[in-house]
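Have a look at these structures, which come just after this line.
The same chain A turns up in both complexes below, where it pairs with chain B and then with chain C.
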Partner chain A sequence: MIQKKICLLGAFAVGKTSLVARFVKSIYSDQYITTVGVKVDKKVVKVDDREINLIVWDLAGEDEFQKVQMSYLSGASGYLLVADGTRLNTLEIARMLRERVNENAGKLPFILIINKADLEPEWEIDDQAIAECEAQGWTVIKASAKIGEGVENAFTALAKKISTASGSERDS
Partner chain B sequence: MALLIAIFDPQSSILDPRLRNTDMSDSPLRIVPNQPARPNQPVRPDQPEDAASNEAAQKQAELAELRRLLVEPEQVQINNILERLNNPRIRARETSRTLTEAVRLRNAHDDSLTEALAPTVVTAFHSSVKKDPRPVAEAISPLMGPAIRHSISVALRSMIQKFDQALQHSFTWRGVKWRFQAWRTGRPFAEVVLLNTLVYRVEQVFLIHKQSGLRLDHVAAASVATQDADIVSGMLTAIQEAIRNFARDSFGPAQDEHIDTLDMGDREVWFESGPQAVIAAVIRGKASETLRSDFLAPAIEAIHNEQRETLASFDGDTAPFELSRPHLEDCLQSQFEGGADPAKFKVPLYIWLLIAALLAAIAAWAFFAWRESRRWDDYLNKLRATPGIVITEEGKRDGRRFVAGLRDPLAADPQMILKDQTQLDPAKVASHWEPYQALHPEFVEARAKSLLEPPPGVALKFGGGVLSAAGVAPHQWIVDARKFARAIPSVTAFDDRDLIDEDLKEPESLRRQIEQHSVRFVVGTTQIAPGQNEDLNTLIAQVQKLIALAPAAGRVVKIEIIGHTDTEGDGSANQRLSEERASRILAMLAARGVGKELLSARGVASTQPARPETSDADKEINRRVSLKVSLLDARQPKESSR
Partner chain C sequence: MANLPAAALDYLNRLASEQRSPAYLLSDRESVLLEWGGPIELYGISNLQPGDPIGEQVFFLEGLLPLQNDGMILPCLQTDSGRPADLHLFKTPEGDCALLLDATTQEFQQRLMQQKGNELSLSYQRLVKEIQKKEILLHCIVHDLAGPLMGIRGGFELLANENISEQGRKFLEIGLRQATKQDALIREILQTFSAEVESLEKFNVEPDKAPDAAQAAREVIAALSPAFALNQVKLQLDPAMDLTRDWKVVGEKSRLERVISNLIENALRHSHANSTVTVGCHDEGEKALVTIDDEGHGIPPEVAPTLFQKFAQGRKGKGKVGLGLYFCRITVEHWGGEIGHAPREQGGTRFWFKLPAVRGA
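Our next item is the complex of A and B:
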């Protein structure tokens, strides 16, 4: 089976971990993220009838005291950027994280997940902001950790992007 | 290309003379020299026919020449190309030149060739085996033998090892402690022993892609519980990265940031790094450095050699690394206390001794069982041969042998046979005998003896349904024997012809004595000749005694007194005289107290002489009275046989 490393990035407390918790196979507790800065999980997705083993590195959230360690992105094939719909600055942090990834690991396929879709009326991130992102060619998926919506989609979409990217690499 | 074909083709419309007036200003033919001179000449219909045909033939020839000059080198080339395209032999030769390279290229690109060929290869393999399995068998036999041997020896070794260790530790204080530990933790005892005697054991080996932390391969020792190797590989890499970050932040950048060992009490993780991949060995206990130098380092080197290109172009496909798995398996080393390395384990001497003792015990048990069974059969045969014993059931019950059947109370005692004639332990034999009467002659005889109790001097014999008695017996016994003999089962007759009545002996003797007496008479008279008084007294005493004894023998005495004369004289006178002489003696006996009812008298004249008369002396003897005594059965008036 093909294995791919992906990372889960986002601002502090955007709910990354709880977002994927129900969808991945996990053998370590969430404590690892605070102690080590990362926790590794596994997720099997199907792309074009082919199973791909996504090894998910859930990285500690970025805030004013702690920066995401970019060395963890080494060897990653793609990443999920997570923002919190109710906090506008988390989208800013996501943008900044993307910049940093581009600087450190090069351009990688990614998906932007905006969490807390169940609270959409209270969102600070409005449709215009989302449209701006999409205008830049980003894939944006609204999801909810609470009702489990959109997460499976996000994984599959990322896996598709990754296999398309590596496929085009091959053909070139 | 269209142009070339057109030039080649003689029928091509481009060069047809009839079409020469066609506007060809855009035609590539314009590059052809000599051609522009002709295009605008019209065909004149009024020209004679032969002149026209001559001109046409000439033009044809010119054209052919033109074509030759123009395109001969290309034509040769095209002919060659056509030849190559159409001749399958050439095509095959050419394909063969590029086939290997093509396969290599295709395989580097993706797996589709392998997938496409797989069914063909499988079918070819099947049909080859079907046609003649020998070549395939010969090809794989060098692999099969060692593989089977290896797997059997590994299984055997691990079994004996576990057995030995369990045995070794079962009866010691340490063993008891471990048993308690096994019970407490719910782990098998063998495993607890293994862990406690372990110096070190490589439990798991990961082959990890250095950059991404993806698991390339993973092996684990037998009976080691493992977590998802994909996740663990990632986490191992993440933790190394975390430590490196920490070290960098705390102590500044280092030249070599390799982490060799993670040490956690009784477990260690050793890393052996190559350019693209790293081996992580999870070790329980303390391994010596030789593990790294002799196994881990050579393994990562060998894997890099074998998988150089796969590693360089690694894009998540881990399947090719399975080929290098034996290198990882080599790293699953272990060492036990006292050098009991399972790989070098030998069966210790005491195990062999134990097995030998076990075999000896089994042999001894088998011998004793066989001997006891022989003795038992022997006992049964003895019982079967004993008259009056019938075995109806025998066998073994609750570890004791038992025998049951019928036994004539007169038969030999089976318990005595058991005690005296066999070596069986009577306590281990249960018997149950139902009484019955056997009809063997010896049993009838024995039963007759016990029933009739014959006096000494009487022999009882049984044969053909007849019980015979011989010898001397009291009269009463004889009477009883006659009565009871018939009551004995299977006795149909009692033969007492050889039996002498003891109580009849004296009467018989008296009878004979009495009958020997002869009372002589004076010639022609009933006067008793003189000189016979003493003899007469004896006779009378004998008669009286006989009469007295007879009742004890169950007899009644009858005495017939017979008178005789000599041959002298008249017959009828002699008759009368003889009767008178008999009456004289009768009267005499009666006078001496002999009951008249016992006596009878008759005369027979000279018809029964005692001796032939040749002299007077003979006559004197014949003039007499003789007595005939009968001892009659007291109950039957009939005379007894004697």
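Our next item is the complex of A and C:
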């Protein structure tokens, strides 16, 4: 079976660990527990009748005291940028992280997840900000780790992107 | 380890061995597992098969091997089944080595500090957001309470154009000064008693208490007429409107009047002399439609999408603070209605809002 390493990046407390817990174990907890370093998990997804074992690296969030260590991305095939819809600055951090990934790991397939869709009426990230991301060619998926909405879709969409990208590499 | 005696090196080895539980995995240049050692099971690794790809057996090594550079350190790597470990990857003459060092203590200490720091940051962000919300609400109130003073000042200024005595003119100046003072006083009082904003959340749906949109429009028109006269703009209730019926809507009387007043004042700001602003009520079944039509220059397309957002007018400089239309939107939406604007065929703009109609019992 093909194995692909993917990473989750974003500001602290945007819900990266919750998204992984929802995706891998179908569970959710309201309690916020910060991630130190990186947590690695795995799950098999099906892309076009082909199984891919996704090795999911859930990286500690970027905060004012620590930057995301780019060496964690070594060998990654793609990544999920995660922002919290209720905190506008987390979208800025996601944009900045993407630039850092481009500088350090090259252009990899990625998807922007805007988490906490269950709190959408309280969102600070509005449609215009999302449209701006999409205008740059980003794939943006609204998701909620709490209710599960969009989570599977986001991971599968990234697996598909990776699969397409590696297919193109093979073809070229 | 230059200059360190053998005894010190032995000590360090013992220390690392006792406190960091070192374990290693060695793979060749094709990432095939060659050998391993140390308490590897502490890190959730088991059932290893030499000769098989290392990435398939130790899933967190997928993509990392073979090493593309001299090596790297990945601190505090955790899996569900093992202890947190610092992963050191480096090249040896035999192949690539993955060395795992127990990081349980470091992870625990760092998590305590990081958790506290992040929770404080989140609390701070929430607090800032709450303060911003309250400030906006307060600005809306200040803005709207200051609104009637525009009518008072307009009245005084109209009086100044009349043939009045010198003594009367002095009284007028006093009136104008007092109106300005009252404006400042309102702001000060509201800053002190901001808790009263809670009362703004109230609205009525019972027929006997629900406000009448046409009645509210009439009262606002009466209050704003002097300001319109001063600017030579006609303000009227739509002559075609049915005044024999009631126009009860969900809402609260004083705030409904503020909504209408804000929209009419907005129309005045964008009207030229000798034009007309018309206020009307229209039956749309379950909802009542209130319209404010002006004959002004229309809304520039670049402004239109953000017109009902806070401080939208302020950025363009034509209006006041830019909270009037924002207040209208949040109020109307709070009552289950909607608000918008559209260009008129004959020129100018129609501002409108719809509110659920309240039928008599």
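Just so it is clear, the second predicted complex is superposed on the first by the 160 of 172 C-alpha atoms of A that agree within 3 Å, B and C clash if a C-alpha of one lies under 4 Å from a C-alpha of the other, contacts with A are read in each partner's own complex, and residues count from 1 in each chain.
Throughout what follows, a residue touches a chain if its C-beta (ideal position, glycine included) is under 8 Å from a C-beta of that chain, and two chains touch if they have at least 3 such contacts.
If you're wondering where the values come from, they're calculated on a predicted model, not measured in any experiment.
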Clash or fit, chain B versus chain C on superposed chain A: clash
Chain B versus chain C as contact partner of A:I55, first or second or both or neither: both
Partner chain in contact with A:V38 - chain B first, chain C second, else both or neither: both
Which of chain B and chain C A:F12 touches, first, second, both or neither: second
Touching partner for A:N104 - first (chain B), second (chain C), both, neither: neither
First, second, both or neither for A:T156, with chain B first and chain C second: neither
Which superposed partner A:R87 touches (first chain B, second chain C, both, neither): second
First (chain B), second (chain C), both or neither touched by A:T139: neither
Touching partner for A:D63 - first (chain B), second (chain C), both, neither: second
First, second, both or neither for A:Y28, with chain B first and chain C second: first
Clash with chain B (superposed arrangement) - responsible stretch of chain C out of 5-13, 41-49 or 131-139: 41-49
Contacts on chain A seen with chain B and repeated with chain C across the two complexes: 3-5, 32, 36-42, 53, 55, 57, 69, 71-72, 74-77
Chain A residues within the chain C interface of the complex: 3-5, 12-13, 32-34, 36-42, 53, 55, 57, 60-61, 63-66, 69, 71-72, 74-77, 87
Residues of chain B defined as touching chain A within the complex: 109-110, 209-215, 227-228, 230-235, 238-239, 241-242, 244-245, 315-319
Chain C residues within the chain A interface of the complex: 55-56, 59-60, 62-64, 68, 72-80, 84, 103, 107, 110-111, 114-115, 117-119, 121-122, 125
List of chain A residues in touch with chain B within their complex: 1-5, 25-28, 32, 36-42, 52-53, 55, 57, 69, 71-72, 74-77, 166, 170
